[in-house]
């Protein structure tokens, strides 16, 4: 558990610096910060001494009602450390810094989060919808997005005579 | 057996005999028309059989039976496919260069007809016996490049365009080793006439004397008819179907006929140049020997196709210019030396 | 020489194209035959699985996970049910754990067989494709006799396994494993050992180690770039820490090594299955799970080593019967970003091969 | 030596060419499927107690059933419809069924010309299959 203690220490230090909040949920450290600190936080996490969290597994968002959380799952190829960073941003102005400068692999992930939650990633090279078409209205994974009922969606095409 | 061998000749003489003067212009014209009809029948039959055989061989190689629904063991499948093609709508893309688009498949189909006309199928069975048969053959078969480029350009589609460009690059490169590899045989026989070359092989086929030339011609011949592993022109994994992408129905069918006709022509030329043509042990008539040898060469081509992945375009060029061309030049040199030594020995001995 | 005008050729490959794996589409820009730019376009198979999960109970979502990476559906089942078990604190019976490992590794072999076949097919090696699919059938038969379905196996349940394997399963599995070396020999002979295939893949599509790490690449693609990272070893889930196996790593960083590493992984998977066959205990296959499962409030990120890379499920529970958020981190979605990065400067044929070696399954990419 | 791999490949494909086929001649020879295979659904209306668990378990709302109470105040199945076009054939409903009235069956030729044909009336289908028409 050596590794875990060092990580806890580093995360606590970082949390103090960026005014964040550290929790442990099911054996994973979760660092919650304000959205404006995200670049600083992740750059620091990537360069943690001894326990660098330098591999971005996943980037996604959560709809918490009042605000959104952008969630980063970090770990490393060099050790067992894992860290989850949550950045809180307001629902009305969902803007956050892009991390594509730190990890190029965040490109598609941020586009997906934009597509599904409408979160604007500042500094992203190509922030366009990735799954849905450009004209699509609304952001499907937001909790207030209304899905059509199954009866409405499953419209059966009738076979016309002579077909 | 000799009677069987001479049977076609006798039939020809009998037809000529129907005319008052067996060598009148009408008799010649009739014979030419009969020859053309026979060659067309040959191409269509070859395509019908070869397309099915191709699918059968492909199936067998991956442990499937191949087409097996129509007719005995599926051997009528191609006929059904041909009928289906006839019934399809003939689509010309709106942006196409209509004249070039429409004429390209006809050229592709006409070429094997012209090349197959100079091949000696049996004793005295040459539809048109040209003294410069080889040169004629090579000149005509080179035109197919142009036809593919026309198809690629005329379709006005990016896939077709890339395919047409590839066709030009590939076929022009392979033309050179192809021609040089035939030069050895010509040097030995001192003739360009295909029937004389066949006669020269009555004792020993040239594959024994010219094995290197045979291999070079075989490889370059596969490349010349755009078959795998050199099928970059219609590489479906990359450019869908190359120049044929935009064609439908009968026009597309003509490309297919042309392709298999070209394959037959190449196999026929290999047979003529290296395998002794219609010559063979006397228990079978010459024409049977000829088609047997052609069949073996075609099976070899199919076997290769269903085994190998496709080559990359730069390796393809590298193979032509860096391997086959020097080898074919070496072959010419070795043949020249051999002839020189042979004549020297003859002079000493004689 | 003066050129009048040169023009870049833009070629649309997909979603309907002979070499596309599923409904992927890319617009490739060429200078002659050389790629200058690639724009991948995805979303043609997007079904909104993450949204669907929010309106289904935890157990009801299992069949949907089959449709992620549909070539290795037991893996998706496993990732999902283990994530839920972690969240709800459910202990799984031993026999179920072993069955899960056997199924997951069989699925890895099946998925890699499809990979080898389609890689060969993308280079027009039709026959090699036929052999791979012929042998994959035997694995699908094993799935069918146990769980009742060939492709969307839906074999695992929260807390265990759906049905115990029938008696004829073990002899069939054993004969498959016995024939496996011969099959691999055959693929080696007809495809990997072929000089034309080698020439097309060696030193093509170089993916350097640093770039791979920066792009969050996982799975065989990463391991072919010389990084030894396999969640089965590095963060063992289930009972993977009990098995003795190697993680193959190749240092070529090129298409050929990305292709070859799958062949090596099949051998290791077979090793794991043999050990699991030897050690599997008798016993129940389902734990006691409440009929209406309500995991406590919390969140979990659970990742498994899918044949394509890391498949992660990030589940957030609000204490109700349905997940508040079910995030699916799919490997090929992220690996696919490499395509524009590593194929610039190569030829169109190479790009087809590079795309094939990334082993994208559009069910997983589009979710 | 360069070219060795080429000949090895040709050897393999020739060997397979001369060997036996591995494919099934499908419409003539039909495969026998294991009883676990989930390719179709079957309902035994006599066993069904109209509890509705299957409809609740279904992830995709495929099942719709109605029942009425008989004189003993017991539920009796009246209609049972499945919209198979939406069905995943996951088998969760059959696992949930307390009386094994709903089962997976091994009929796999389910293609129809019209999408309407995918709305199965399970009671009618059961009568047709058991020969008790009407």
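We just call them A, B, C and D in the order they show up, numbering each chain from 1.
Going forward, contacts are C-beta pairs under 8 Å (C-beta built on N, C-alpha and C of every residue); 3 or more make two chains touch, one makes a residue touch a chain.
Remember, it's a predicted structure, so these values are computed and weren't measured experimentally.
In this view the innermost chain, defined by its CA centroid being closest to the centroid of all protein CA atoms, is C.
For the pairs C-D and B-D, the larger set of C-beta contacts lies at C-D.
At the far end from subunit A, in terms of centres built from Cα atoms, lies B.
In whole angstrom, the spacing between the mean C-alpha positions of subunit C and subunit D is 27. Here the CA centre of subunit A is 40 Å from the CA centre of subunit D.
For the pair subunit A and subunit B, the distance between mean C-alpha positions equals 62 Å.
Remark: subunit B and subunit D have CA centroids separated by 53 Å (rounded to whole angstrom). In subunit D, 6, 9, 12-13, 16, 22 are the positions where the chain touches two or more neighbouring chains simultaneously. Residue positions 61-64, 306-308 of subunit B are each in touch with at least two other chains. Residues of subunit C in contact with at least two other chains: 127, 131, 134, 190-191, 194, 196. Residue ranges of subunit D in contact with subunit B, taken from their complex: 6, 9-10, 12-14, 16-23, 25.
Note for the complex: subunit B touches subunit D at residues 57, 60-65, 68, 303-304, 306-308.
Those residues of subunit D lying in contact with subunit C across their complex are 2-6, 8-9, 11-13, 16, 22, 33-34, 36-38, 57-59, 88-92, 95, 104. Of all residues in subunit C, only 42-43, 46, 48, 50-51, 55, 86-87, 211, 213-217, 227, 229, 234-235, 298-301, 303, 310, 312, 314, 316, 325, 327, 329, 333-334, 336-337, 341, 366-367 touch subunit A in the complex they form.
Of all residues in subunit A, only 25-26, 28, 30, 54-58, 60, 62-63, 71, 73, 75, 77, 80, 82, 84, 103-109, 112, 116, 130-133, 140-141, 147 touch subunit C in the complex they form.
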